[in-house]
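Shared chain: subunit A. Partners: subunit B in the first complex, subunit C in the second.
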Partner chain A sequence: MYDVIITNGTIVDGTGARGFKGDVAIKNGRIAAVGKVDGTAKRTIDAAGRIVAPGFIDPHTHFDVQILWDGAARPALEHGVTTIVPGNCSLSLAPLKASDRKAVVGMFQQIEEMPPEAFTQAFTWTWEDFAGYRKAIEPGLSLNVAPLVGHSLIRLWVMGEASQQRAATPDEIAQMQDLLRESLKAGGVGLSTSYIDVDENGRPVPSRFAQFDELDALCEVLGEFGRILQVVPEFYDADLTIARIDQLAELSLKHNIPTTFSPVFDSPATPKNSPRIVARVEEQFARGARVWPQMQTRPVDISFSFLRPSLYFARLPTWWRTLRQPLEQRNASLRDKEVVAKMLAEADTNMMTQGMGILVIRGGDNAPAGYVGRTLAEVAKERGETNSQALINVSLENDLDVAFLAENVGHADTSRIGPMLAKPSVHIGASDGGAHITSFSTYGDTGFLFSEFVRKSGDLTLEQAVKKITSDTAEIWGLADRGRLAPEMAADVVVFDAATIGRGAERAVFDMPGDGMRYVRSATGIDTVLVNGEVAYAAGDYTAAKAGVVCV
Partner chain B sequence: MTLSKQRSFVTPGPGETVEQIAARALPGRPTQKAVDDIKSWNLHIFAMRRPPGLLTGSDVVFVEPPLG
Partner chain C sequence: MKPDADTTIESAAIGAGHDGAAELVVNLRYPNGTVGPVVLDADIGFALLRTCGADSLNELKGHSWRAILESLHDV
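Moving on to the complex of A and B:
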């Protein structure tokens, strides 16, 4: 007797092969049979009129903290995601000495917008090494986790404060190699590093102080295990990104490892950039290097209010500093004529004032009803102010609790993005799941892939789209028993309606520790999600199943 | 497969200054001119970064202007 049979569905098995009518049988957490299945099961799921596909794999997330209290990485699981890769961009939660926790918490708050309460109220620190972190998360997992080891953490462990000051000595590099080796043995899927991130004080994160020979030495260890290197490059500049591609290609060829970088953004302001980047990747692939560019499906939206720091102001230092002050001080600064004059001048100098006009006043508890849904440009004109003046004054007049939305500010031309996503050389990823939580929703990119680029534009067939986010991802990341519906494979399965799968509207919720706010999107068209053979989500509800594992 | 020409770059050595990079990457050019060129080709380090000019070991430092 099988544990589960999913009957009558159209099986899209993840290989790109054309879908076919059939059944999927599951036993002991594994796929037992695919096709016409005879026999009985403890549970039968009728998938008539539905697609039965491998669970989706999200290769770029920052759920490291959230999975300590939410093993489903809500709402990722309900979007059909059965495996996540946290620990990207040089930041993981292990290996981490107790004495260095404060430094790493600061980086997570800065880079991922995690509220401080997430680190003080939601879990107990029980680990220092990578094996300890694995032990802390694994019992509560409803989905699978393939965690990266953060280069900044490795460096911080070995060098302490000097990790953000200088190059490593040969002895320190050898210690880092040992630590990485130990972490990979404990379940790390690879190493992540960053060339752009800064800590809460604006200092480059530790990984950025590494000479190339340090990264080369760490990649030597990756080569021992055949594991992957993930990098976040200076994605705002094509020349810099191409320089990183070339470095990654050398490391890939030398150590016979896969590498990946994320994100690749398409911008109408620089239309030649993303095609140039993809072309360079294809040149390197032709040499035998493996350098996978991750491209997200969704357009870039950024929401913010003056109640919380926002990456919207990353290029405006006075705004950035002022809006990071404690609330009382922030209010005082925003009423200080000298500070405001500096902010306005800075917005003008950076040509941001005009751009602020497209902001839409989306809500917030105190947003004036007459303003909601209108652009800042309209409101500013009505008030006889510049856009940046109106942004400050409307916020101040309403206790800062007015939310603004910069919608489709990049990566929004789907007629350009669809053909790139369809390229075999482009890896669909870079969702940033669980990060930037107060700026935009990082959930639903898989649904958007189907609604926008399968149903609407037809850039990908259903089978191609499924392959992109299942077996392609599993192959790139070395997850040997995931990503396909075939006998002996792990039974990660998603049952969905091809006509309605998508992502819901972005909405604010207050479900983070300390009633912290974040933006989320619910799934549409997803019926059932199984993880290692257990139903983890069905009919709109999460189940109590905890069948997820660290799957490396 | 021959790779297409892209901008040449170097990475800083341990403790290396912009003057040392300029001397290494642009030999024969007057020192101040070489430093000015390096700075003008690397605004991501010398203009956009806080503090401007902070060099880190992983930096890409271009040693020629953008290609046409």
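Moving on to the complex of A and C:
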């Protein structure tokens, strides 16, 4: 008898092969049979009219902290994500000496924007080494975790404060190699490093002080295990990114390792950049190197409030000069009729007043509930004001702590992005799940892949899209028994409606420790998610299943 | 004349950054005719506007690339 049979669905097995009608049988957490399945099961799931696919894999997340109290990495699991890769961008939570916790918490808060309570109330620090971290997370996992080892952590462990001051000595590099070796043996999927991240004081994170010989030595260890190197290059500059691609290619060839970098996104302000980056990657692939660019599916938004001046106002000199004043003067100016009159006239002259109408009011700490989620145009009309008047007045009435969102400002041209996502050389990822939580939602990129690039633009077939975020990802990351529906593979399965899979609207929730706020998106079209053979999400609810593992 | 004296700002536009912040994308025209972008964050972007005495992005055009260097020290 099987544990589970999923019947009558259309099986899209993750290989890119055309979907076919059939059943999937599961026993002991593994796929037991695919196709026409005879026999009985303890549980039968009717997937008629639905797609049955391997669970999705998200290769770029920062759920390191959240999975200590939320083993489902909500809402990642409900989007069909059954495996996440935390520890990106040089930052993991192990190996970490107790004496260095404060420093690393600062770095995480800078990236993740989590409230302090997330680090002081939500869990107990029980570990220092990587094996200890694994032991801390594994019992509570509802999804699988393939954790990266952060280069900054390795450096901090070996060098202490000097990790953010100088290059390492040969002896220190040797110690880092040993520590990485130990961490990989304990379940690390690879090493992450960063050339751009900063700590809470604006100082470069420790990995940025490494010289090339240090990274080369660490990649030598990755080569011993065939593990991956993840890098955040200077992505704001295409030339520097291309130089990093070339560097990664040399490391890949020398140590026979896969490498990946993120993010790559397409901006109308720099339209040549992403095609140049993809072209360079393809040149390096032709040499035999493995340098995978991670491209996100979702568009990039701009968010701002009057508490921190934004370049959104760069075309309006009176606005940005006013908003760059110290807070007290800024408030006074925004209440000065003459100044405001000049601001309003300037916005009108520059055709900005009308454009401001599409701004969406978001959940800043003081944002009035009745306004959150609505456009400025709607609110302005209700208030009997122009858009620019409403922007000023709503901010003033709420101590300037109201956030506004200009949606789809970058990486939003489907006609350019779709063909790039479809390329075999482009790795779909860079969701940043669990990071930037008070700025925008980093969840639902998989759903958006289907709604935007399968159903709307047709750049990928359903089968190609599934392959991209299942078997392709598993192969790139060396997750040997994941990403395909085939006998003996781990039974990570998602059942979804091809016609409706997508992402819901962005909304603010207060579910972080200490009632901290974050933006999330719910899933649409996901019926059931199984992790290692157990139903972890069904009919809109998370189950109590804790079948997730650290999988490498 | 210094070899790079005539590297100038060709244009500037607002872009969306990875972290949801607006960025200033400045295109530089190099002496050999090549045009390439430099991306500046909000603080440096505003400093550049101030350094150049510019009221709008269009007014950045024609300024030396050295204004960007000055802006880096002005934040």
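Convention: the second predicted complex is superposed on the first by the 454 of 552 C-alpha atoms of A that agree within 3 Å, B and C clash if a C-alpha of one lies under 4 Å from a C-alpha of the other, contacts with A are read in each partner's own complex, and residues count from 1 in each chain.
Keep in mind that, in the parts below, a residue touches a chain if its C-beta (ideal position, glycine included) is under 8 Å from a C-beta of that chain, and two chains touch if they have at least 3 such contacts.
Because the structure is predicted, anything quoted here is derived from the model rather than measured.
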Message = For A:167 in the superposed arrangement: first (subunit B), second (subunit C), both or neither?
response = first
Task = Determine, under the contact definition given at the top, whether A:359 touches first (subunit B), second (subunit C), both, or neither.
result = neither
Task = Report for A:409: first if it touches subunit B alone, second if subunit C alone, otherwise both or neither.
result = second
Ask   = Between subunit B (first) and subunit C (second), which does A:439 come into contact with in this model arrangement: first, second, both, or neither?
value = second
Ask   = Which holds for A:240: it touches subunit B only (first), subunit C only (second), both, or neither?
value = first
Request  = Look at A:5 in the shared chain and tell me whether it touches subunit B only, subunit C only, both, or neither; answer first, second, both or neither.
outcome  = neither
Key: Touched partner set for A:45, first subunit B, second subunit C, both or neither   = neither
Query = Taking the superposition as given, does A:317 touch the first partner, subunit B, the second, subunit C, both, or neither?
reply = both
Request  = Return the residues of subunit A at which the contacts from subunit B and from subunit C coincide.
outcome  = 237, 239, 317
Ask   = Tell me, which parts of subunit A touch subunit B in their complex?
value = 166-167, 193, 195, 202, 204, 207-212, 214-215, 234, 237, 239-240, 242-244, 246, 279-280, 283-284, 286-287, 317
Request  = Please name which positions on subunit A make contact with subunit C in the complex.
outcome  = 235-239, 263, 265, 267-270, 273, 300-304, 308-312, 314-315, 317, 320, 324, 406, 409-411, 436, 439-440
Request  = Could you please specify the touching residues of subunit C with respect to subunit A in the complex?
outcome  = 13-25, 36-39, 42, 45-46, 49, 55-57
Message = Touching residues of subunit B toward subunit A in the complex: what are they?
response = 1, 3-4, 6-7, 9, 11, 13-15, 44, 50, 54, 56-60, 62, 66
